[in-house]
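One chain, subunit A, links the two complexes that follow: it is found with subunit B in the first and with subunit C in the second.
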Partner chain A sequence: MTEKRRLGAFICHCGGNISDFVDVAAVRDAAGREDDVVVARDFMFACSDGAQAEMSELIRSEKLDGIIVASCSPKLHLNTFRGMSGRAGLNPYTYNQVNIREQCSWVHRHDTPAATAKATRLVRGGLARSRFSRPLTDLRVETVPAVLVIGAGVAGIRAALALADMGIAVYVVEREATVGGNVATWGKLFPHDRPGSEIVATLLDDLNKHPNISLFTNAELTAKSGSVGNFTVQVQLRSETISLHVGAIIVATGLEPYTPRPGEYGYGTPGVITLHEYKQLVDEATGPLTYQGKRVKTVAYIYCVGSRQGSDPDLEEPNLFCSRYCCSAACHSASLASTADPDLDQIHLYRDMRTYGRHEVLFEEAGRKGSVFMKFAGENPPTVESSDDQLTVKLRDDLAGGEQAEIPADLVVLVAGMVPRERAKLQEILRLPLSKGGFFNEIHVKLRPVETVVDGVFIAGASQGPKTVAEAVASALAAVSKSAALLLKGYIDLPPLVAKVDASKCTLCDNCFGACPYEGAITRQEVDGRQVAAISPNICKGCGGCVPVCPNEAIGVDGVTGTQVTAAIDAMMKDRVHA
Partner chain B sequence: MARIDPGLHRELKKYGATGLTACMNCGNCTATCPQSTDNEVFPRRIIHFVQAGMTDKLRGSVEPWLCYYCGDCSETCPRDADPGESMMAVRRYLTGQYDWTGLGRWFYKSPAFQLTAMALTALAVVLAFYFLHGPIVTDHVALDTFAPVASIELADRIGFVILAALLLSNVIRMATWILRSDTDHPVPFALLLREFLTLPVHFVTQKKWLKCDAASEPTGRSLAARLAWLKSTRWVRHFFLVTGYLSMMILVEGALPQFQTDAIRPWFHWTRLLGYYATVMLMWHGGSFLVGRLRKSDPIHKFSTPSDWMFLVLLLAVAFTGILVHIFRLSGLPLPTYVMYVVHMAVVAPFLIIQVPFGKWSHMAYRPMGVYLAKVRQSAREKLDAAAGELAPA
Partner chain C sequence: MTSAVPPRGVQVDDPKILVFSTQNISDPGIDLAGSAHMPYSTAVNVISLPCSSGIHPRWIVRAIKAGFDGVFIAADGSDCAFLADCTDKTASLVKDAQGMLKESGEDPRRIRMGAICSVCAEPFVNNLKQFGDLLKQL
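This part shows the complex of A and B:
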């Protein structure tokens, strides 16, 4: 048996969420009878200020050296009670949470005695784990005040400028020979009619003036090692490979305009062009539009090309997302075209008009300037036919009560959406997960929109999903604030719940190397003249994947050591239950 | 499958439409329209036919004639696209389309053309009197000698037959287009006969118009409240204006020898009373509509095209010159009577010749026809649906 401990057991009613189905008083009493437990209490809401104050007071007055709170899922309140323990002078990592709500009361509403028995066993297990808990301290990692920005589009450059203004060194790596990405190739942009090339020129001007920014064009990331706060990256330039030290990485690789498949809505036929191509025609026009030397009198726009393809049964991997910018861009282009030629007939075939937010005025303006809108359903897309130099678009017009319409057109504009850029190589190097649409994925769509599962690697702009310029820049600046918050302090405290190797037991069988999902977390090291596995605490996330594959039980994760887990199981399985 | 005409909305602009492409098809107008029903859905769909360039669908639509321009739709429109005025423009456009001579389209699209045509007609009338008038008696008023009533009546009859034939031929075009547009519900001839009474009833009463004011209609039995409500409707003003026209028609087409006579009848003689009644109605209501257009007080009077102004000005001119002829005659002024008579004719003839078959006045035929055709089509639908119900397996 181990040394004597002074443990506290706190059981929560969670209003009635737990106590309506579990006899909390019985659980509390059973906990009180467990070895080393010096105080057992129950609370209506353990997370309330009053309850936390009372628990803190008990920790101090009873000189507790470990506590459990039996309440909800640790996802909800693990950090709450860890923080409370810390403030009360108890090592936060001696705190254990027991989940008797999601894993007990909510799923056993029909059987109070059994639920109570189960809760009692769960509490016992938690207490057993606490009995073997050890005080742990956070791992402090010094950070490098430099950021690698991948991609010199609007998002990348804007991020670089903002970071550099805060005194952080920035390396911008651009695959192409020129900067500005897609935006540089576009003319007048909504909503202010400022050309994309001009926006990029302004940004580039600022970038060139900034002493804290190094721009590498014709450059590509080839390797990454290290961990949050301390990455080493290899960048392939034209003639050499350079190595850079950075504390964080911002991925701003942007988008690719969707290219229709040959024959998709007649794409490939003369006169059938994408919005991107049409926009260039409109931007250059000073009077009536001309296409291949002929005056354009009627334009038909087909919306949602390459987006929202869920209703197309022929596609293996349909793009399910809405590309967000295209409705607004098409309406804006139509207004520009109307200005160039007020007699131009423009017919928009759309599914749902998504000129969201302030872009609604673009939709209205296009109408007032003479554009006509006809609606079709996703499962009934229009078709484009061509004969004798004349294009005909056929559609079932839902706004005319399902009337079949044949639209004669000189130009058919496919309002094509956005798709992810080719990113396989980058994804392999950075190990970033992808969303359903193939864009880089954030951790939490609402609350952690620019962070990824790889600590220290952030995503910005349209690499994450279709965005307008304004939205891309906003997300870039969010990534800036997240990375600056990480680096400006100079260090990062990481939770110490990481795996450790008992060098004396390790035989370097290599099993753990294969089980570890984190690049570079396990390395070989010489200890006492022997090659053994060693785990870098900065990279390890404490997932425990290496523990069961070790034949010698040489690896344990702090906070959930083998001893703790075994003790917990034994305690839970103990025959007699005092309830 | 219909080939659309992308420029149709530009064409409609020439008929006075203002906000056609500003419409985003939200349908608030249809939801608020007191006349729109499950089968006759408007204004949104009609406006979309114009936007989408569906000429055939538009020509086959009866809906524009079921709209009396209360203006609720224009007030509700979130885009200020004036759907009410669009419907008005569609009626003008359709009037031009029904007219097989093509003159109607020219009159609407070119006020100058219309003015010239009227001036020429007036000139023809003046010249006819100049060369063909009878002896001019100057010591007393002898209008019947100056313009023998038999000749005038003959010209009157000929004119009536020609105008009626023109209007009728246009009405037949209208009916054919509308009945053929709904191929799912063919209308049997017997049904056309069965519902025929609708036509004269609505021609005389225009009672469907009252549905526009149904929301404010009193529910109780109080006659006073009901009369007050009727008085507030636009229908009532128009109705009395129509009674004025009809009175005039009875006098001119049915009783000209009694009406145009050198004998001074007592003031209570029926021809004089009917004449006074008609004059008062025409001047009173024609005047109030003119003031309405000038003040733009009602939604229907917010927008005025040249054809609208011409109609009202001519209407008042007809009544005014007519009453002057009467006054001069009673006052025993021979020459002023003859001159004013010629002037009166020079206003009446162009007014009737241009406006009845080709212009705004043709709505006297198209409106009751629209109500009638809608009713016929509704009966056809119900009949077919009932038959389908019987055939359907239980």
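This part shows the complex of A and C:
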């Protein structure tokens, strides 16, 4: 006979992310009929301040001693609702999160009755676990006040400087021989027309002077072990491998400029170059532009090369994303080119002009200086032809009612976007998931934009997706704040979900000693005149490897004890309802 | 609400499968299948644990006895942050559970193990599809 509990069941609509595919009211009502459930409610957004306030009030007024929230993945909001429970006076470890979004509504979008039945089963399982939960106290562990920053581009260097200024030791590991990434190769940058190389030189000077920063070039991460607050990483230098201890890791590995395929918009033909190459031409110009010894009188820009490729049926893995910076960079280059040669004719062939925010002035300025803009649709891209040393760009001009236009040009500039840098090895070591575009993926683009599923590992800059320099630095500083918040206290409170021994069942067979990889985690102690196994909570990591080797089922990991797991299994199968 | 049209490959009589997943490794992989809207059977239900080496064989057998048609262990494999020999230990307990199931007169093929990493959305869906097909034949 188990003790009577007072449980609350809170079901989230997640806007429509859940309730468009799951009958949330039916799940709520089913939860309300479960044993020990004294209150069941549904919320449009359980994570909203209002919903949390309402749940807190219910915890207090109904004197709840355990709750579940059925919503998104625990990776997103486990800590949110544990925090809410704690603030409401409920022990956070009597809370269970039930994932009915990623593991239900988002994969069963075409069968509402079956998805609803599954959500109900999952909720029953969560309630069963909460029914056998017990109050626990966090485990406090010391953290290493050091951060590994992978990548010495602008984002990585800026992150390193900010962390170092807070007194945190920083190890910057750069794969290349030089620092600064792509920005170091760029000329004048908006809005101050300061060359990228100059910006990098200033940052590098600050970095070299900072006593808290160690920079390793020609260096690569080769291994990582440990956990949040206390990682050990191996870094391969030219002639040796070094071992570093850090509390957090920031990945700022940057981007690669997209390289067009041979023949893509004529790429490979003399006079067809990328924006990256064109910018160098413009930056070096002191008067009219010249290309291969000839004066350039007409430039045609083709936008969205390598980006937004969804309408290209020939590509197996098209880049579906917008690269964000290229419209602005092309307009900026056009303005600079006009300044160098006011007589230069410039025609921009674009799909949509995305000079967003303050970059709009670049579009206006380019127009004022004589640039002409012609719009094309993604399914009707321009073509580039070459004949007798003359390039001709042909397109269907959407703004002129679909009229066919032929533009003779001395130079065709392919406004190419960004793609992820080679990251397979790093991904294997850090085990970070990738987005559809192949960039490193955050937990939640809005709510946890620089955190990853690996606790203590953060992403910054264009390793996460196309970004402008300003956006890359902003995300780097966000990763800095998350890392520093983790490390500056000197400790973190970890969930006390570790193994425990029921002394009354233990016969000291010693099986658990052999199963545990953590030295000193299991010891002997005397209880009621008998020697039994005991587990040190500060050393135990809560893997549960000792659980199945115990012949008496005397060991359980808090939160997932045998009682809780079997209760969840039985609850899920309560009605033997088949989906 | 959307119309109740099952996607291709998801049938209403799919075998009931319990998945034991792991919080840091296979859970993110399974979540990723959700984020990518990759459909699998609604009869697949997940219980998440810290590490696949911590699953008691009796829980697996209990699940079959309780009414699940099969149990899939979404193992940490070589990615396990806890144990270097996680795969071996998980395989050992799966073997024990299969032995227990066989002794009770059930087909041990109702228990399957596969390594599901934190980005293994597609392998997860494929594994469950294959396992479901096998269970239909038992």
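Convention: the second predicted complex is superposed on the first by the 368 of 579 C-alpha atoms of A that agree within 3 Å, B and C clash if a C-alpha of one lies under 4 Å from a C-alpha of the other, contacts with A are read in each partner's own complex, and residues count from 1 in each chain.
In this section, a residue touches a chain if its C-beta (ideal position, glycine included) is under 8 Å from a C-beta of that chain, and two chains touch if they have at least 3 such contacts.
Note that this is a predicted model, so its numbers are computed, not measured.
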Message: Contacts for A:46 in the overlay, against subunit B (first) and subunit C (second): which applies, first, second, both or neither?
response: neither
- prompt: Given the touch rule stated above, what does A:554 touch, subunit B (first), subunit C (second), both, or neither?
  reply: neither
Message: By the touch definition at the top of the document, which applies to A:367: first (subunit B), second (subunit C), both, or neither?
response: first
Statement: Partner touching more residues of subunit A, subunit B vs subunit C, is chain C
Field: Partner chain in contact with A:543 - subunit B first, subunit C second, else both or neither
entry: second
Message: Quick check for you: in the superposed arrangement, does A:69 touch first (subunit B), second (subunit C), both or neither?
response: neither
Query: For subunit C, which residues count as touching subunit A in their complex?
result: 1-7, 10, 12-14, 16, 18, 23-25, 27-28, 30-43, 45-51, 53-59, 62-63, 66-68, 79, 81-84, 86, 89, 93, 96, 117-119
Query: In the complex formed with subunit C, which residues of subunit A make contact?
result: 20-21, 23, 73-75, 99, 101-104, 106-115, 117-118, 121-122, 125, 227, 427, 431-434, 436, 453-454, 497, 515, 517, 541-548, 553, 557, 560, 562, 565-566, 568-570, 572-573, 576, 578-579
Statement: Counting only contacts in the complex, subunit A reaches subunit B at residues 298, 343, 345, 347, 353, 363-364, 367-375, 394, 397, 399-401, 403-408
Task: Would you mind writing out the residues of subunit B in touch with subunit A in their complex?
output: 1-4, 6-7, 9-10, 19, 21-25, 41, 45, 48-49, 51-54, 57, 79
